[in-house]
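Labels for the chains are A, B, C and D, by order of writing; each one numbers its residues from 1.
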Amino acid sequence: MLSRSLYSQASKALLSQRPRVARSGVLGRISARCLSTFDKHHDVFETLGIQKTNNKGVFDGEWSGSGPIVPSINPVNNQVIAEVVTMPIPKRGHVLLAMRDALVKNLQPLGKLVALEMGKILPEGVGEVQEYIDILEYALGLSRMMQGAIIPSERPGHIMLETWNPLGTVGVISAFNFPVAVYGWNSALALVTGNGVLWKPSPTTPLCALAITRILEQTLRQHNLPPALCSLVTGGTDVGVSLTADKRTHVLSFTGSTQVGREVGKVVQGRFGKSILELGGNNAIVVMDDCDIDLAARAILFAAVGTAGQRCTTTRRLIVHESVYDSLIERLIKAYGQVKVGDPLDDGVLCGPLHTEAAVSTYKQVLDSVIKQGGEVLCGGQVLTEGEFEHGNFVVPTLTKVRPDMDIIKNEAFVPILHTMTFKTLDEAIAINNGVAQGLSSSIFTTNPANMFKWIGPKGSDCGIINVNIPTNGAEIGGAFGGEKETGGGRESGSDSWKQYCRRGTW
Amino acid sequence: MLSRSLYSQASKALLSQRPRVARSGVLGRISARCLSTFDKHHDVFETLGIQKTNNKGVFDGEWSGSGPIVPSINPVNNQVIAEVVTMPIPKRGHVLLAMRDALVKNLQPLGKLVALEMGKILPEGVGEVQEYIDILEYALGLSRMMQGAIIPSERPGHIMLETWNPLGTVGVISAFNFPVAVYGWNSALALVTGNGVLWKPSPTTPLCALAITRILEQTLRQHNLPPALCSLVTGGTDVGVSLTADKRTHVLSFTGSTQVGREVGKVVQGRFGKSILELGGNNAIVVMDDCDIDLAARAILFAAVGTAGQRCTTTRRLIVHESVYDSLIERLIKAYGQVKVGDPLDDGVLCGPLHTEAAVSTYKQVLDSVIKQGGEVLCGGQVLTEGEFEHGNFVVPTLTKVRPDMDIIKNEAFVPILHTMTFKTLDEAIAINNGVAQGLSSSIFTTNPANMFKWIGPKGSDCGIINVNIPTNGAEIGGAFGGEKETGGGRESGSDSWKQYCRRGTW
Amino acid sequence: MLSRSLYSQASKALLSQRPRVARSGVLGRISARCLSTFDKHHDVFETLGIQKTNNKGVFDGEWSGSGPIVPSINPVNNQVIAEVVTMPIPKRGHVLLAMRDALVKNLQPLGKLVALEMGKILPEGVGEVQEYIDILEYALGLSRMMQGAIIPSERPGHIMLETWNPLGTVGVISAFNFPVAVYGWNSALALVTGNGVLWKPSPTTPLCALAITRILEQTLRQHNLPPALCSLVTGGTDVGVSLTADKRTHVLSFTGSTQVGREVGKVVQGRFGKSILELGGNNAIVVMDDCDIDLAARAILFAAVGTAGQRCTTTRRLIVHESVYDSLIERLIKAYGQVKVGDPLDDGVLCGPLHTEAAVSTYKQVLDSVIKQGGEVLCGGQVLTEGEFEHGNFVVPTLTKVRPDMDIIKNEAFVPILHTMTFKTLDEAIAINNGVAQGLSSSIFTTNPANMFKWIGPKGSDCGIINVNIPTNGAEIGGAFGGEKETGGGRESGSDSWKQYCRRGTW
Amino acid sequence: MLSRSLYSQASKALLSQRPRVARSGVLGRISARCLSTFDKHHDVFETLGIQKTNNKGVFDGEWSGSGPIVPSINPVNNQVIAEVVTMPIPKRGHVLLAMRDALVKNLQPLGKLVALEMGKILPEGVGEVQEYIDILEYALGLSRMMQGAIIPSERPGHIMLETWNPLGTVGVISAFNFPVAVYGWNSALALVTGNGVLWKPSPTTPLCALAITRILEQTLRQHNLPPALCSLVTGGTDVGVSLTADKRTHVLSFTGSTQVGREVGKVVQGRFGKSILELGGNNAIVVMDDCDIDLAARAILFAAVGTAGQRCTTTRRLIVHESVYDSLIERLIKAYGQVKVGDPLDDGVLCGPLHTEAAVSTYKQVLDSVIKQGGEVLCGGQVLTEGEFEHGNFVVPTLTKVRPDMDIIKNEAFVPILHTMTFKTLDEAIAINNGVAQGLSSSIFTTNPANMFKWIGPKGSDCGIINVNIPTNGAEIGGAFGGEKETGGGRESGSDSWKQYCRRGTW
């Protein structure tokens, strides 16, 4: 029934698996990383209201996390959502503006928390929170520009209208690598279009979710809106499965692996829900012989090494015209040699740790496979385990040389390894770019407009993001973000992405 | 591989099942209906180039239908499609204009063929071909207005672009009830956006598909375009399954039952293809006490009885304010009594036969259930079997009286039965309207603007089509056609539906 | 020459007329009104940085106002503007956001200053500043959504683009009745589209202009932008004439009388500049017999009496169906009797003074003419001169009864007089509504959708604003504000109004 | 009064000046050119229904041209227009489609008539009629896509709408150089938006206007629409003046000189009408050193010599990088030497006669001035008067060499003279391009994307058309056509040009 709360369903799932969560130490594990630095960074936690023990992982108006669910707790139900729904859209915009102001006020501590919990360097942590701020500003504007249409009718004295109404509840399952921004993008559009949001963050980044949700809660209360509009459930796969299967999650925005996303997509499709899938990327940069090599080299370095290779838009394949390959690789090897790996909060560090130990294994396996399949490691390739690196998941950013037909480059590995290869003609380069199952981001470096226009045209890159002279990463709020093929086809942020959170009515 | 033809795959499927098709007599069964009237209507068949024996059911540049597939036959391959793709879009528009002219020239015989093969009355048959003509005109305009966007960028000296490129191949699986228009809507948009089309019509309406495909073939040849751009495969479920599962069907537009559409959607989603689903409707008209009763009665009659209740937008539920129920029903019973059932080509006939014998059974079962569940039959209820009706599937259009909570009205039955019920408040009426799984079309009759705006607003009808003072049927080219919930969420025809046939690129 | 500054031209005009300005005591006259209350409201002036003697009425980066213009002063020249122009558009948005924050901080004192200087009541003064804040938020969103287009080309391998680039300098000549909002609307859009702005406020409201400009100056400096981007010249007609005639005022936005606007429009057209004209309104409300009379009465009262009848959207004509005329007038006369006239800063006052003594004369002349032409005064009609009213321009809000063919109702008088008349049919009411030269705002009160759709259709109201069940005033940021016919045809604020501040390029 | 006909006013003007027209022999003069070839091309005239004596130059439902106006003649009045206005917009589209079909049927004879009467070569004549056909197809699509907007409102339970309704009557004053297309562009959009059209063609091309109007008349009659919807008045300046001044010409689309357009603009602005001005161009091509010289040379030749230099988009200035100047000029001189001048109907002729003897004088004066101001003639420069050229206005296409600061290149001369000059930097080239008062079309030839993006950006070309690697001419239907500065600012054809023929209503 649409009129009942997601809560009871989600809570049943939580109750059944919370012991497991406790056992697997979801919040505890985080503590393992974070609590060690709790005293050092107690200002961050204090500012954001996070305690040493955060055992309340469910928020739907009131914080809870254990014991039986009290029915009087305000659930994410339709009545509540209706209050937002029927709020004039520009007024929703003003609530989002207040959320923005609250985030601006907490920008630095939030950025630091992202760095602590996820492991990315501080400027990237702050930058991620800024993306949330940006989309809230965007949604504020949208609150006056979210237009429907009046369409000419063939019937005398009649007009047709096209309207966009909220769907109800938007579920957001986000990944560890952007523990704030992905939720930010989805929640801003979900709220401005009149929906409520239920967030299941990555099990490894619950503190970011707690901190953000506390801020939203406060803002909602200040505007006499039910804080359950921005609900939170932490937990593992079981929670995700429940959320995915539940008919009352009218839209499910899922960010994660293609493997999981494929199942998520089928389940949501099978119940005729709407899904926004942001799955694996296997992003390539094509370097033409006519490009500005220095510009390209700088862009590639940042795109391949940033966030320790754990961005969905990280450049993983470098497709270089044979005539400039040596010259470019020389530059890159030199630049890679200067990348400082270390504590993400330290000045000058460009590459922090991998998020999990498992990723270190992946790193090693990929390099083994490269060798086995006939490729070579051009630089990097080491796991760092000594001294300051002893307790972390640190690896050295790596360049390999491969052939386009090698299997190892067909898959996305969330580590700082960039596979390089050569081509002779643009057609060949495009075929290589398009020759993988994923279709998120791609980029060409060239000064030839004919190349540019071929690249963005019907016979060019088949990705959702088709950059020119900028790297594969660096999405902007104004454009639609997302990818084709096994990347899932969803679009977030700008352009007409907001329509995905609405039902369209023609009359 | 994207670079290979759909042909070999489709043909393998065909080869493996064609014997079955032959056995089940797909083309033969049609003959059973049509060939009996071949001599009477030989002008239609002659004009459209349809022979008594149409054993060639596969068209992909050359007609074939038996024996081994000759590899030299021009397939639906990427090279071919690329020629269209790289054709300037306004020039594509001119090819569509030529198709339109060819259809206009054959409007009457095509309309008659629809009437003969599907069973709808002649004006409806002609009207359906007209919808194809309309969308071709629309696509002609679109060929100059299919805009991408230039979006402000936050990077100095940079702009963002949003482009729309063709996806490749669009598969269209259409249903018996609109044997021409559904394909027309899809193929016009698929072609103008630069795709090739592969059509699998209903196994029971192959002659319409043959006639249309012949006309398109001729036009494409005249423009030196590969006729395989508009390919056709006839056959049964196996062909549909192959087409659905094939990665090279980049977009699959499926019109049919929710049951099949659910599986189709999951398969296409599982391979990260794009689907356009137009599934079951269970369309209701809400009649307010303040409405123009005569206007409403006329609209209801046509919406419930037209095409013998076999339109996806047929009105199946009538939700009437208790204060005007008796008065409206009286009018309707009188009007139903005057509906002439008979040969769809005869003048004055409003209601032709059902398309299959199975539908006659459904008709009877539904009425049995109504009685069993405590409802009553207000008028109609008979299967006609005597005299001129002896060999056909004729039934009398029927009104029932039911309660909103009865199970029988939750499902769509493709027969001319209209379930009537009462309500007290608009909120209640909306709850009844929304209280089924399907969400295609809905309509309210009222003269009160407050009712209208509630109906189209966030707390109103949850259907894709939300009419006011016009019935549930009668889509127009300019608006987006399709429904929410178990109707599948796809949109065809106007507004921004064309974007579904494209991949979006942001740069 | 485009490459030279507006400054020297404007300054020449200023030099030549500044003595006259001094003589006519522009700033001094204001003091006459404001300085008397300077001590009482010294907090307002202090907060906003306005001194007792404000003799510096020219701001183009540095404040000045007398003596020779020092050439080193930073002018409004193209280099300066180019810096904004080449700033990424979303970054411009952030400057506007900072302006918004500064206004929010000063909302109350600014609103009070508007009340003091213009004479409107405090909530209206605050509301006007809020409109400026609203448009800045809107422009922030626009900074990411101000889209150009990619258009299909008929040439092989070619695309067409449509781009929107800044024009250079936007002149704003604003009127006394909205001393803040009109400039706000124009400057926000002018700045976000990349232009500089030169403001000439009404000679009778310079302090509002000074206060606003100081705030903008500070924000621009904080962002290392030339404060001359928001330049100010105070003065009289000579300054306006110079600004209008100067080729370097690429866009001239003029708000004022039709009489002056006609000349302004011709001068700007004659030099092929672009003008945005917001001229006289003569706004009518049509009251149908089927409407909610109480709702209508409340709306009419506020629309006719608010701002003492000095809004451009003030309701001046009331066209009432003969069957409800008596009933409505009775309600209105009662309501008018309860309107408190007085000091605009006093609680409970709904109607402040007229802005000038001349307006009091107009008030008397209009009432004389009504009588002379055969009409009658239903209530009000007095000029208040005793007691607290002794030194002000206070009049009593007035209702008259007239015939639609009387000359007196063809012209706009900026006073709180509402002319009432009757009609028999909607066609007649529309003819009366359209039967004046002005075409700003209009409104109908009805519960009949047929009336509504006729009203907004091709045979309905010919005004730019065509309201239904809300009064003639109360524009919203999201829509385009402005009028047809002698109202001038300009559009400000929402929809695509921003395009007027750009040059369009097709390639 | 809006409710009265344009007819009586226009007819009064006609009556008063028709004798003068007769005396000055408007129709007779044409005969001077055309009648001499009447026998040779009698098929053209016969097909189009044009007689030797065409003394009926006024069409407003019935053809007339002398004697008193019979009041029973159906005028262009509001009742008539209302019939179109209230016709569903897609149905208007179908009338336009029928007009298109009629033009297609007459394409060749119409093209020939344009060649005969205007003097352009046959392919250009046919091409011009094709542009009319193109816009009718575009308007057909527009009839289903001419959208208004639904805009979020800040008031609870309220929405804002933006609607586009017809204005009434659109006057079109067209020039001799495009005797068919300019009217076509305007009339198609005027009609689809629901207006009537009144056409005053150039006094020197009335036969084209007669032929077109006859075809439209027939189509309108076939659709039971008043043929007066497409009215025609031939005549001279007096008719133009009347049409311009008349309040009932709600929109005046004027194509002609800047000198006349300036006055037209002021008159229309003075009465608060809407004008669409397409005035003088002074179009330049910038040739960068990195461009494809052969491509550029071919484009320049066609753009400067086509239509004998009498297109509004003819290239008149060639701004060449000094390093490629000699090489380009060498190619051009060679190409100019091969241009065949002669009878526009002869095969192989690229350059027909000038339209008037006065243009021959202009040609000579421009060349004199070039020499006097220090420039030189590089090739061409002769008036042809012997043999076949004896009775015509034939001149040889000419290249000059000038300096950018010479006065002679600031003005547009409608003759085939191309002024060439050199530059060193792109900034300098842009300054030269922008350094004239006109702003219609401009083009750059370059292979450097940095140059391209500078060219189309805020510091680039200030023209309305900003081409890249295609010449200054060759507008396409999908884009907006028109220019900035003294070109008048109007936009015709694609994008949102249709909105100019509408009044916007916000509610």
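The criterion applied here is as follows: contacts are C-beta pairs under 8 Å (C-beta built on N, C-alpha and C of every residue); 3 or more make two chains touch, one makes a residue touch a chain.
From a predicted model like this one, the values you see are computed outputs, not experimental measurements.
**Q** Starting from the defined contact criterion, work out which chains touch subunit A and subunit B both, please.
**A** Touching subunit A as well as subunit B, we find C, D.
**Q** Looking at C-D and A-D, which one has the bigger number of contacting C-beta pairs?
**A** Comparing C-D with A-D, the pair joined by more C-beta contacts is C-D.
**Q** On a C-alpha centroid basis, what's the spacing between subunit A and subunit D, in Å?
**A** Here the centre of subunit D sits 53 Å away from the centre of subunit A.
**Q** Need the CA-centroid distance for the pair subunit A / subunit C, whole Å please.
**A** About 45 Å, centre to centre.
**Q** For subunit C and subunit D, let me know how many angstrom lie between their CA-based centres, rounded off.
**A** Centres of subunit C and subunit D (C-alpha means) sit 38 Å apart.
**Q** Could you check subunit B for residues that touch two or more other chains and list them?
**A** Those would be 86, 90, 143-145, 149, 151-155, 157-158, 161-163, 476-478, 494.
**Q** Enumerate the contact residues on subunit B facing subunit A in the complex.
**A** Interface residues on subunit B, with respect to subunit A: 2, 82, 85-86, 149, 151-155, 158, 160-163, 165-166, 194, 262, 265-266, 269-270, 272, 274, 434, 456-468, 470, 476-481, 484-489, 491, 494-496, 503-507.
**Q** So in the complex, the part of subunit D that touches subunit B is made up of which residues?
**A** 90, 93, 97, 137-138, 140-145, 157, 159, 453, 476-478, 494
**Q** Quick check: in the complex, which residue numbers of subunit D touch subunit A?
**A** Subunit D residues touching subunit A: 86-91, 143-158, 161-163, 447-450, 452.
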